[in-house]
Every structure is written in C-alpha cells, then in structure tokens.
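Below are two complexes that have chain A in common, paired first with chain B and then with chain C.
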Partner chain A sequence: MTVDSGHIVAAYDDEMQQLTRLFSRMGGLAEKQLAEALTAVERRDLDLAGTVKDSDRAIDDLEHEIDALVLRMLALRQPVANDLRYIISTLRTAADIERIGDYAKNIGKRTIAMSSVGTPPMVRGVVRLGRLVQNMLKKVLDAYAQGDIQKAVEVWEADEEVDSLHTSLFRELLTYMMEDPRHITPCTHMLFIAKNLERIGDHATNIAETVHYHVEGVPLAERRPKADASNYAVVTPGEETDK
Partner chain B sequence: MSAVTKEQAAATDTTAPVSALPKMKGRKVCVHYGEKQALFDVDIDILDKQVTALIGPSGCGKSTFLRCLNRMNDVVDICRVSGDVTLDDGDIYDSKVDVVHLRARVGMVFQKPNPFPKTIFENIAYGPRIHGLAKDKTTLEETVEKSLRRAGLWEEVKDRLDQPGTGLSGGQQQRLCIARAIAVEPEVILMDEPCSALDPIATATIEDLIHELRENFTIAIVTHSMQQAARVSQKTAFFHLGKLIEYGDTEQIFTNPKQEKTQGYITGRFG
Partner chain C sequence: MTVDSGHIVAAYDDEMQQLTRLFSRMGGLAEKQLAEALTAVERRDLDLAGTVKDSDRAIDDLEHEIDALVLRMLALRQPVANDLRYIISTLRTAADIERIGDYAKNIGKRTIAMSSVGTPPMVRGVVRLGRLVQNMLKKVLDAYAQGDIQKAVEVWEADEEVDSLHTSLFRELLTYMMEDPRHITPCTHMLFIAKNLERIGDHATNIAETVHYHVEGVPLAERRPKADASNYAVVTPGEETDK
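== the complex of A and B ==
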C-alpha cells in the first residue's frame, strides 16, 4: 500500500503526491548541485562554481514549500501510521537535503576563492571522496523513493569508508601545509571542502536511518560504525604520513 | 541505576509496552443476532486500570462486544452469546451470576446522555439506594457529592441539586451519567461513544475525566473518533466485519500498525 493513493478523501492523495513531487525535485537538485560542485573543483571551472553558488536558492525554496505543505497536512489531515511516518520522514529528510545543498554551495564558493592562489593540492583525493559521497546520496534517494531498506542500510554502512578517507585526506593536507606555508590557504580550503563532503555523507546516513524508520516503523537499532578520526588527528613536522 | 531513576526512566519511556493484569477477559466470544453472526471468536483482555479503546467501522462488532462485557445483550431477544467472558476470572455468563449485581460492578455510559427524569441528586442517589450502599441520609449525601466531584460536575451543580437532571447542558448531562455510573463503585466502566453527541469543549472535559477515572476504574470505550481513541486509551482494539483484527498498545496501533487492514482504516482508506 503506497501512501499516496487509496484515501477516501482524494484531496489527501493529491497532497501526498504533491509532497512526493516536491521532495523528488529537491533531491534531484541536490544531486545535481553536488555533482557540479565536484566537477568545478576537478576542472577549476569558475563559471560552474558560480552556478552552483547561485542555484542553492532553489533548494531552499523547495524546503520552505515542503515545510508549508507538511504543516498544512498535519493540521488538516491529522495523519497516522504509515502516512504519518512518511510525512514526518519527508520533513526531516528535506532538512538534510537543504544542508547538503548548503555544503555544495560552500564548495562552489571555495573553488572560486582558491582560483587566485595557484593549483590546490590533493584535488584528486578530494574528488574521489566526493564521488563516493555522490554515490551514497544517489543511492539513498533511490532507497527513499523505493522504500528499499537494503539499499538504505548499504549507504549507512558506506559512511565508514567516507570517514576513513576523510581522516587520511586531513592528515595529508596538514603535511602539505607544513612543507610550504604558501600551501596553507589552498590546503585550508581543501580541508573544508573535504569536511563538507564528509558532512554530506553524514546527512546521507541520516536519510538512510529515516528510510528505515519510515518503512519499518522502528529506528535502526545498532550504532553506526564510525571511522572519522580526524577530530583527533595530529601531525607534527618531520612525521611520515600513513598513506 | 538506583530504583528511583529506574522508575523515572520507566515513566518517561513512552515506548515501553503497556502492561497490567487483565481485569476482564474475552475468549472465543461469538455473538449471533438470529441467524446472522455479528462477532467471530474474539479474544481480548481488558487491562486493569487502563483505558481500552474499541475502534472500527460501523457494524464491525465493537459495540456488540462492549455490550457482552456486562451482558447488555441479554435484553435483546434474538441475541446469542457464546465463548467465555470473565471478570476477575469469574465467568459472567454463569447461570448463578446476578445480572443486576454484575452491572453494578461493570457500569455503562451510553452514546446519548440519558439522565432519569428526576432531580440531579436523585439521579446519583438512585443506584446506591437500590444496591443498599448508603445506610443513612448523610452517607447518601456524601456519596452523591463524592460521585459528582469525581465526575468533575460538583462545582457546577452543587447549588441546584434539587433541579431536574434533564435541565443540564449535554456535556453536563453526560458527566451526570458518568457520576451516576460511578456512584455504585463499579470496577469497570463501559462507554459506548460517550462524546458523539457533545461539542469539542464538552468532549475535551469528558476525555480529561476519563484520564482521571483511570486511577480508580478500568475503562473500555467504543468510539468512532480515532483521534479520541488515540488521545484517551492505552490499548486499542480494531474490529472489522465482526473480527478482532489487531489489538495492541495505542501508540503502536497509531504509529506502526502490524495489520494492513488496521493501517487502511486508521489512515482513512476504507470505512
């Protein structure tokens, strides 16, 4: 039984379908934003970076539309059971997507900022992290649309890889900075870009947890495996990195 | 963890399943009206000092089941009840059971407020008097006041106890009927759509009252309003076409029902 059909009150079905449409559009935009932000970093494409920066507004607007529709549905329909879980999950996930949009926008801004300070290091590594996260995002949005728990759990587990990749990038970028102070500006931007990507991965896992709740009605019980050690990472001059 | 914090944790943990001993039990309860079977093998526990809501579309058997719990179906000639219904493990359909006594233990409040055409005082005093619960005038007066207080009506009527009960507003009349039901100190109160004739404010007052009555009484309520079932009950039973489809904690029924039919009904997909 899908949530957007079969209600005695047909207007309720219409609202459900409208919610699904708004959400798919929002998810699609976020995927596009992330993909283009990564391409902009990879090719140092300032025009594309500018487009990414300016397009975030559309995602924010969609989030407001979803907020308003959900508020209306809660007030007028008093949803219960799977309808309630779907509506609340969509509201929650829209907030995750909005943040993902913000991170993509920030990557665009940093790409523009870095253009004046020479070739940034570690572009390939950071882009690799980005493509990994991009796949997670795509997969988790599919899982959302299809109510596919298996896929959601795979995304949830994949975040461990993102975390460890982020930690190793962090250490490498610190090493670069120690080698030459002129690297500090681009490396710091790259650090933030990597951090943004790692955060997008976290939001993707949030969405995976939400998919689980929506479909099963219970939260994912276990604790997620974590491998982000960058909070504790210290590199002192002269130390070898562990790449 | 100390005992106190454990208790606190249990009190705040809204996901903890509702548990209490069963006050009444129905086992394989079947009801026929003439040739037509209205209930099919219903197994259900009405838990002690909890509110159990019976929901389902019209004709699903929820009121029929409620009326089995104090043998109100006995008054319908063509009605035949089989299976077991127990109150504190005693069979209420046993031939030795005094039905009048049973209905004093298992009281009932109906859909439409039905006060006796007597004074407010007499409406309450009638039950205790015929059951011999008040040995003198003072005790009777105390019982009347206590019952009206418990029903949240005392402050509104204390100065006009000698006026007819039928002169009260709908919501007040329904609280008068609840006061009348609790005046004989029942153990279980059955409510058959007690708010369907009331406005939202009077409904809220009754719901608040149900919440307070749960401290002392076991309550089973039939309601057409699912929101009301969700608000007032700890356990919910969903009936469809004479069968009990699902029975569980109210929170679970309304957030994560196990049966497709329950989900379809409570989300407004059939009725």
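== the complex of A and C ==
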C-alpha cells in the first residue's frame, strides 16, 4: 500500500466515524426534545414548551450535515457492500429522526396553544403513551449504535401496544368532548398530540426495520400489521354516559 | 472503448432510465390515489374509499424497487456528480411520495369511518383544500420530470395558501363541533383529513426543494416559513355564534 492510499483509507475511516458521531448527536437531541415535550405537557410548563419548539433547528442542521457528508462519501469514496448499506441506512434513519423532531416541536406548540383554555384533559394517559414511545426511541437508537437485532425486534413489537393505547385515547378524548363544549379545543390539541406520539412510534419502528436490514441484509419480514384503529373510531353522543 | 465497457455504459443508461420509469409510475399512482380519495370524500363513495385504502400497496412496492435499484447502482456503477445527485434525489423523493400515499390511504379510511355518522361537515372546504394540494402534486411531478425550476418555485410558494386555508378550516371545524355534539366525531375525522392534505402539501414542497437542489446544486434558500397556524388555533364556546 502506498502512502497515498493509506491517506485515503484514513480519510475514509474518519468520515465513517464522523457520520456515526453526527447521527448519534442527532438521535440524542431528538430523545431530549421528546422527553422535554412530554414534561412540558405534564407540567404545563410553557417555558419548556418554547424551548422544545425552538430546539428543532439543531436537529434539522444535523440532518443537512449528514446529507452532505453522505453525498461526499458516495462521490469520493465509492463505498460498497456493508459500508454502503450502513451509509444509506444512516441517511434514511436521519430522515426519520428529523420527522421525530418535527412531531416533538408540534407537541411544544400545541402545549402553548392549550394553555389559554384551562387544564387540558387526559394528560396522564397521553403522557403515558409518550413515555412508551420515548422508551422505544431510546431502545431503537441503542439498537442502531450496537447493531443489536434483538432490541430492534423488541421495538418493532412494542409499536402494537402504542397503537392500541392511541386508539383508546382517541375514543376517550371524543367522549370527553361530547360532555362539554369547553373541552373541544383542548381535546382537539390533545388528539393531535396523541397522534404525533403515535407517529413517533411509527418512525421508531421504521428505524428498527432499517437496523434489521442493515445488520442482516434482508428486510424484517413484512411490515407489521397496524393495530391503530383510531382512523375508524366513531363515538356518538349518548355513548359517553356508558363509561 | 472495448465491447465490455460499452456493455457497462449501456447497462448504466438502462438503469438510469429504469429509475426514472419507476419513479414516474410511483408519482402517477400517488396522483391517482389522491384524486380518488378526494372524490370519495366529495361523493361519500365508500367503494372508491376502499379502493384508495388498498391501492397504497402498489406505491410501497415501487418504493422498495427504487431503493433496491439505487443501492445496486451505487454499488456497481459508482455514479458521480449530476448522476449521483439525481439518484439520491430520486431516493429521497420516492420517500416523499410514499408518505403522500399513506396520507391518501388515511383519507380513504376516515371516509369509511364517517359514513356511519351521517353527512360529514365542511366537505366543500376540505375538498377545495385537497384540489389545491392535488395541483401542487401534479405540478411538482412535472417540475421533477422536466427539471423545471420555475414550476418548483411556484409549488414552493403555493404551500402558503394551503397552510392558511388549512388554519381557517381547522377553526371552522372546531366551531362546528361546539354547535352540536353529534358533529364531534365526523368533524374530528375531517380535521385529520384536512391535516393529511396539509401534510401532502408539505411533501410536495419538499419535492420542490429537492428539484431545485438537484437542478441547481444548491438548496432553495431557507425553508419557507410556515403559515400554518392551526397548531395554535383556539376556539371557545360562544365564539361560534359570531360567525
């Protein structure tokens, strides 16, 4: 090996490490943002909600850095096999993390909006959904860092619980709205917060599928059937008295 | 050039054309799915809503085909410069189209759910929002196929109208819910349908940014400020009488 090609290999390794570092920082920020969004909802903490709303920018910037680095690596290093799969998987997963940041930001915005219309309903249930999703995100980022298939599969399976909890929250929120028109605005924002959390769970599941694909080279079977039936949920007035 | 390298160049050109064909088919299916979803809402056509719900699979399959082709091209052809940008842009845009398909599918599901609770409210307004978004999607796919920056910029600008129409629909739907608890379930599904349409508009805007990046090699300025204020919308009972 000549000195030159040694340099090239060293630069390539540096870039791979750089990619991993950027991605890990991005994942860490998204975890923090989600944790803070949930605390903001739980404590009706508007300062924290404002911080969450603004912290999305750093995540977007990291995604752009990752995109640029990936393009440069593909153009200059022409990676193949495992490395190529890892690089493309990271590009894809960074897009999932970026969306997770958007959803957390949206939770911050809605927390601020709800503050003017009294105590939001169903806070405990929605935060519980959020903590489930937060665990999924933490676990799937570990799975990613460690190439741990077992953890990825656990995340993939956990999404079913998230979907079914989301569906029952959806129905309860509708019921609550029917009891008193003053509940309608805050409940609507809670519906969207719950939906955001359910979507974050979907993105964690996507990442689990990407980890599986990257490590094993084959997809994680068929996409898991969705247990989220909230799209079909119907509650009619009168029903709410049956609780 | 030897016969062998001639073969390689021909195979490369074939693959580039294949990528463009797959992408164009995927875009066409998403346009069709969105158009049918809107017609299903407009006419309360449950058969069509069912078709929309099921047609998402073909879009997902095409995305997988595109992903696999891109990985193969990156590994075997090691494209650079313009070609590399085009290939990565297509990978990214295919992910946007896949999401658009998911949102259209969700509109189909909600149309079915609403059918059991009477005539959904605000159909005209929501369909109008949908037609705006449908035009954006059509135009941005043309911009993509033709590398037409002007059209991409028009789409990027049109998103502001979508956001502001969405915000006013959001407020009107809340108002409507306060008038009669029987409106709550159908209005909630209409809220989510409107949100789905607004998100499709966002994805069309993403695609416009990708077209700009691919053609010009630089991003389309800063990301457009969002005019969607629905996240902050608050309506209190009593306000609805001011209409």
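Assume the second predicted complex is superposed on the first by the 229 of 243 C-alpha atoms of A that agree within 3 Å, B and C clash if a C-alpha of one lies under 4 Å from a C-alpha of the other, contacts with A are read in each partner's own complex, and residues count from 1 in each chain.
Note that a residue touches a chain if its C-beta (ideal position, glycine included) is under 8 Å from a C-beta of that chain, and two chains touch if they have at least 3 such contacts.
Keep in mind it's a predicted model, so treat the numbers as computed, not measured.
Chemist: Just checking: does A:117 make contact with chain B only, chain C only, both, or neither of them? Give me first, second, both or neither.
Modeler: Once the two structures are laid over each other on A, A:117 reaches chain C alone.
Chemist: Between chain B (first) and chain C (second), which does A:6 come into contact with in this model arrangement: first, second, both, or neither?
Modeler: first
Chemist: Between chain B and chain C, which one contacts more residues of chain A in the superposed model?
Modeler: C
Chemist: A:149 contacts which: chain B (first), chain C (second), both, neither?
Modeler: Neither: A:149 stays clear of chain B and chain C.
Chemist: Regarding the shared-chain residue A:85, is it in contact with chain B (first), chain C (second), both, or neither?
Modeler: both
Chemist: Classify the contacts of A:181 with the two partner chains as first (chain B alone), second (chain C alone), both, or neither.
Modeler: Second partner only.
Chemist: Between chain B (first) and chain C (second), which does A:218 come into contact with in this model arrangement: first, second, both, or neither?
Modeler: first
Chemist: In the superposed arrangement, which partner chain does A:236 touch: chain B (first), chain C (second), both, or neither?
Modeler: second
Chemist: Can you pull the chain A residues that chain B and chain C both touch?
Modeler: 78, 80-81, 84-85
Chemist: Enumerate the contact residues on chain A facing chain B in the complex.
Modeler: Of all residues in chain A, those touching chain B are 1, 6-9, 12, 77-85, 216-218.
Chemist: Provide the residue numbers of chain C that touch chain A in the complex, in ascending order.
Modeler: Touch residues, chain C against chain A: 60, 70-71, 74-75, 78, 80-81, 84-85, 88, 91-92, 95, 106, 109-110, 112-114, 116-117, 174, 177-178, 181-182, 184-185, 188, 191-192, 195, 223, 231-237.
Chemist: In the complex formed with chain A, which residues of chain B make contact?
Modeler: Interface residues on chain B, with respect to chain A: 226-227, 230, 254-257, 260, 262-264, 266-271.
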